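One chain, subunit A, appears in both complexes that follow, with subunit B as partner in the first and subunit C in the second.
Let's turn to the complex of A and B:
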């Protein structure tokens, strides 16, 4: 007998329910597991005795910030209050399930969700990012869908910091290594560098899946006598306590190490699991299904049982193990990847096991749905858990954390980037040099070094991907029905004004989907903030959620699900130790025929470039202020959500009717960056004039080029459609102005801003593409 | 014409290969790795992906699967076999083609639209091309560097068995810019780029890849007429 089996809370003997009842005075290490004194007391009240070690393990992981949303819950209810019946029209499954499900018509539904894997990606960039991708894919599978694409939103510290050179290549190869091996196209996302993310990179992964309406599955354990089957990878010692410890505490240089192994991913196992699940779904062998992610079996059993209509009995000793020395507590907490749990009728279980055997996927019948209302877990015949499942899964603590507008907020907003405060370029020569520096800067340079490491073609349905504004994939090969997705966030705007910043992020994602030609339908969000114990951070969070909820209501697109990641901060400088408040917003849109989609650049000469929307002197939180002056202050751009709706509507109609050949959203870097990217997309230059724009909007060429006013899109209109296009904009009352014409694809082609400067595309391309390879290796 | 597409555990582009066969006018037939039966197909495609996770060495385990014994026997009889990416790796591991595929010289996975020159139009899978024709198809792999000893490379060149060559820069360190090769008989072809991802306008760079599939279908018609 091995002597190094982990010590049990009550010594060598198994801590059974019976024993717990008999030894009420026995102290358990609740504090080391992250529980507060009042939380432990509540567990004792619920159970009417002290918990067993296994019960404590379950409560501690399920009541952690990551699983219970205890700090954010009261604010997240805001989304429900702002979701109208009209907004729910396309919603088949809303917030609360593994992922929301949206009806996209023709009998098809899609499910999508974004989730964070921030802390693990700092500790172990490759595995942290890889398992982040793996986890979100299983959420999508758990709805009954075939995953069809992934996206990723990444934020890192300053580009030239030595640790950034460790984290970036690891995260990128982790996202790619996992996604490429399971055969899902990566169709876009974003990458952003800022010193606030130095010790807290953000790795947010999104997955979208598709299914027919009748294939939607839910996570519940119904039907007394139905069997609980665990299938997929074996359970090992990886990621034990990862949820409660890794995701909920900050990293300090001192103090005891709280760094249990980050989970290790096996994409091959996940690929096989995907195909196996799809076979099981299509054969009708699954009554309910749940993925195993954070909190592993503790989460899956308690959530399935509490969403069901009875109790559940689990024989924990039947779990296939990679490490036979694991204790029941560890098995319940393990976050081993690539596992799923299904509820199967006794009549179907042989057929179910035949399918898993076909795919060489290991499966074990762990127990059954019972007619009680308790979740019972047994270990070799002895009961180690006997709890009401809802108290574990859904009735965790809820905190009303204090929040207050930070005293520094006024000074921050007053520090506007005025012309007096920050010198601005004025001459053609100065503007030219600024444009070249801007387009090479970390947040505006080409992402090809990253996206060329991701397979965007697999499954054969990708029709737009980075560098286009949105990723677009076909869902139905017969009809061309498909979806567009964009993932956007702007931490700087959110820092300056959390409510407006969150809305600007939403508006950008919404606009990006519309520029691709898709009708925006639904939203997923990943809310990345600092410590909820800091009232300033909590204020940012509350404001951002309120802004987002109101923004979604105004745009008529419901939030269908997402994730909150708190404690993204290092050090003890309060708010100054926290990351920029970063809501990352994913918007999903639908195209009845993806062949009508619009790319972000032009390729035909002689098309007319129109700027939609108006430009104001809005440089607070802009890339220009940061790149040229390391300045962050003032107010973010103003937002008019009615205008955003109108703009989106016009863009979708233009795309459907073939009135535009290219459309590119104006965001970070303003018009200048949109012109650069639109030209480089297919290598066709442009001739642009700014006089009329400056006169109409009362601005100078610098503001015209670098302001980040919201609600603007650059479009290329074929000459033969110009009249129709003008008529449509005029009739709809949308500000539109002819600002240039496209040039041909050639070696000599240039971006020519008339009367100011011209840059050959070759020079632009060199500046735009050199930055990431220079920092992270060719 | 019925063209089988093998699915190994970990195959990723098997559905895409079946779609390409269909768009080229063939009838795709799904073949299962554990089934030592080709179900009477007229040709076989080994698709891209990471068969069995590629954990030992790319294609090394797939080569021993039950279906491969039939594919190897068929190829030796003259059955047309195309290996794409991981399929090319499997063909090399099976010794149906010489050489091996190693980690890209820059150590990264690469996904890009790749320009190629069709060096040989005399294989069953390239007869619809003109020799010297330039095409663009996606390239996406981490272990695409083709290597072989000098004698083998000279023999491949001398016998006209270099079928595709990279243009516009070598993307992975392949010796002599080799992207694809054939066996002596010209019925077995392997290449790293993915022709099955260039078969539909709007979903990849053009439709240059379709010709590989129409080639083998046309070859079958010719041999049917000839017989």
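Let's turn to the complex of A and C:
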């Protein structure tokens, strides 16, 4: 057959609305498309007839877990209940749009969001990760913003598993490849290895964009007669999954496609698309805009119509195609990358098309906003879709999945890592050896092998990036106004106690932002869990959401958006085949002047090291328990959110008043890891004494070094500021203790824990940096 | 000395950004009349002695497992180079 004519093959019957009404008995493969019997029945009720193939394609993909949030919705409402008016003060756009928008002052707004691309990154690591980055960038563009930075949170199986050697380099070069080509700095994130992510890697990408208040754009199609324009890349067979069943159902093997096809990203196209969109926005040519991501045109058309006046007519045969053999069902489902959809007034459409032509971006007017409340899709004049758009986009099924605390949870929590259960190092020699093993372990070792593949400084506005606690970018080049971002998760803590674990992840991201000197303002989250059909997983999810919502309320930072990724599991061992429950939390903070930022390491000798917060014997879910004993049990560290708030406040004031030269959050690996990283950051050693700390907190040196108690930060205070610093902590009632002094940058410099052991920094660096290159190559 | 030539192409339904860039550049440089470009890659494998059916079978195996990414690429031909003995693919 010819592939030049856009018409469908002659002889094949088009499944029109008319035909669907006339052939009620015709069976459609709804089950193969992932719909349940009652869901299919509901579609028939909504339409008053059987759906056409194209309608079924739309409903099946929009009612999937990924698009409809049908299992998570009832729990996600918790966030709304815990968002107070006070928290909404800085919120310009909240949950529900492509991304939340936060007012950061001086007329500026930022928009940010984290999203998962887990499964595609397992199938084809490079393209899966690359298109994950591309997708989240388009969400930010759709709000009217210029993207300014990206971040990523990555989780893989055990470091020495053969499949990890396939997935890690692919994902890392995919994240780097897309971000570097498009010219956005990658300012931070995290990497974590655990056997539960074997076969289920988590690839969560975040993007942040900046705009002036008046430039905020929303996704809705209003104004009868306004035109619907699709622009960007052509539509091909990318990401078409189960819908191929429909294609083969309605006509014989035609196209070249052996679906499903992997989505391939083109960052250079996306770069042009960014500039094109900004040009369109500044010329005032856009009434509403939406990016095309998962579920492609099905999602964009139904969401725009549903959020707008309700009526829309689309001529599907006007979609520019890369593969002319695609059926209407496939065009509706295609997840081809680098596409956007805009609502444009008829008066502006010529100017709009002139701008897209200037940027060499293909654009096609597909249809218009109509009165009434139906979304009509036509194919060469025949109607193939006639649905109420709200039923597709916003009124999908909602499930109250059963959930129950797993029977195994009690035993898990009872298995605490006590000194009797897990032998602990005691002598100086043992502690020294433990520290070296820990700092070389997969989750604590240097991330440089990964982050050196990312451009962290392109655009020239990055003022902090990995390995600092938070990434900081300048937004206003005149005033120095900027934002700090941190992305954190801890699946082990969340496994031990989902509510507290989720709060600990939130608290860590919040603390990291404050550690850099920024005032925390808002939250985005990516909730990665196993199958919602398992009551144990659903319990983890419900608990984590509840904990997170309460934590956000206590800290006064609203959740602005994010995403939920379920079914991250392999096999049928129930809860045991699921990934560790992993809420990844992004916190955004603001700095009035980024030159006031605080780095995570010290570089001047003779500064005083203070430990803020108190240390308890808390090793449940710790890196020490895992690295040294492959143990996961007990309870996670306790969390005091009032203390976290106070700590953040003090850190922000310290940064503003220049009281600290360095600040580093204590998290995985405890004080020992913070000392290692703080020393290695600029190569300046430290002399540390633990006696007073042990005496004040009633602990031994091992607990002091390796416990992962929350709410602690290590700071370096210049001698001339020590009095002011002490006065401030005392006045605010914040526990602070002098535990050491910094040494100079030299060849002989050491990390000296007095009375116990000393390690030359050269030896520490060797241990800290060798692990990733050894596993993944030079 | 024999030589095996292997051609690998992106699968037809997969986006090929490189090909797209070339098709965009062609008219700008005055080459009109080309409406599509897809860019693949060619490998030349040298062997001691003749290119036998066994050698070709081995080369095909290497092409399918190492030289191509089966998720997004097809091995479109594995053949002996011009003049070399042995059966074609």
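Going forward, the second predicted complex is superposed on the first by the 748 of 778 C-alpha atoms of A that agree within 3 Å, B and C clash if a C-alpha of one lies under 4 Å from a C-alpha of the other, contacts with A are read in each partner's own complex, and residues count from 1 in each chain.
Simple rule for what comes next: a residue touches a chain if its C-beta (ideal position, glycine included) is under 8 Å from a C-beta of that chain, and two chains touch if they have at least 3 such contacts.
These figures come from a predicted structure and were not determined experimentally.
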Message: Taking the superposition on A as described, I'd like to know which of subunit B and subunit C A:359 touches: first, second, both or neither.
response: first
Query: In the superposed arrangement, does A:595 touch subunit B (first), subunit C (second), both or neither?
result: first
Field: Touched partner set for A:749, first subunit B, second subunit C, both or neither
entry: neither
Task: Classify the contacts of A:452 with the two partner chains as first (subunit B alone), second (subunit C alone), both, or neither.
output: first
Message: Of the two partners subunit B and subunit C, which one touches more residues belonging to subunit A?
response: B
Message: According to the stated criteria, A:322 is in contact with first (subunit B), second (subunit C), both, or neither; which is it?
response: second
Message: Just checking: does A:461 make contact with subunit B only, subunit C only, both, or neither of them? Give me first, second, both or neither.
response: first
- prompt: Who does A:121 touch here: subunit B (first), subunit C (second), both, or neither?
  reply: neither
- prompt: Which of the two partners, first being subunit B and second being subunit C, lies in contact with A:268: first, second, both, or neither?
  reply: both
Message: After the superposition on A, what does A:177 contact: first (subunit B), second (subunit C), both or neither?
response: first
- request: Residue by residue on subunit A, keep only those touching subunit B in one complex and subunit C in the other, then list them.
  value: 266, 268-269, 360
Message: Considering only the defined contacts, which subunit A positions touch subunit C in the complex?
response: 123-124, 127, 233, 236-238, 255-259, 261-266, 268-269, 322-323, 336-337, 360
Query: What does subunit C use to touch subunit A in their complex?
result: 10-17, 20-21, 24, 69, 71-72
Query: Which residues, counting only subunit B, touch subunit A once they are in their complex?
result: 9-10, 12-13, 15-16, 19, 48-50, 52-55, 106, 108-112, 138, 140, 142, 194, 196-197, 199-200, 202-204
Query: Given the complex with subunit B, which residues does subunit A contribute to the contact?
result: 173, 176-177, 180-183, 266-269, 271-272, 275, 359-360, 451-463, 474, 477, 594-595, 778
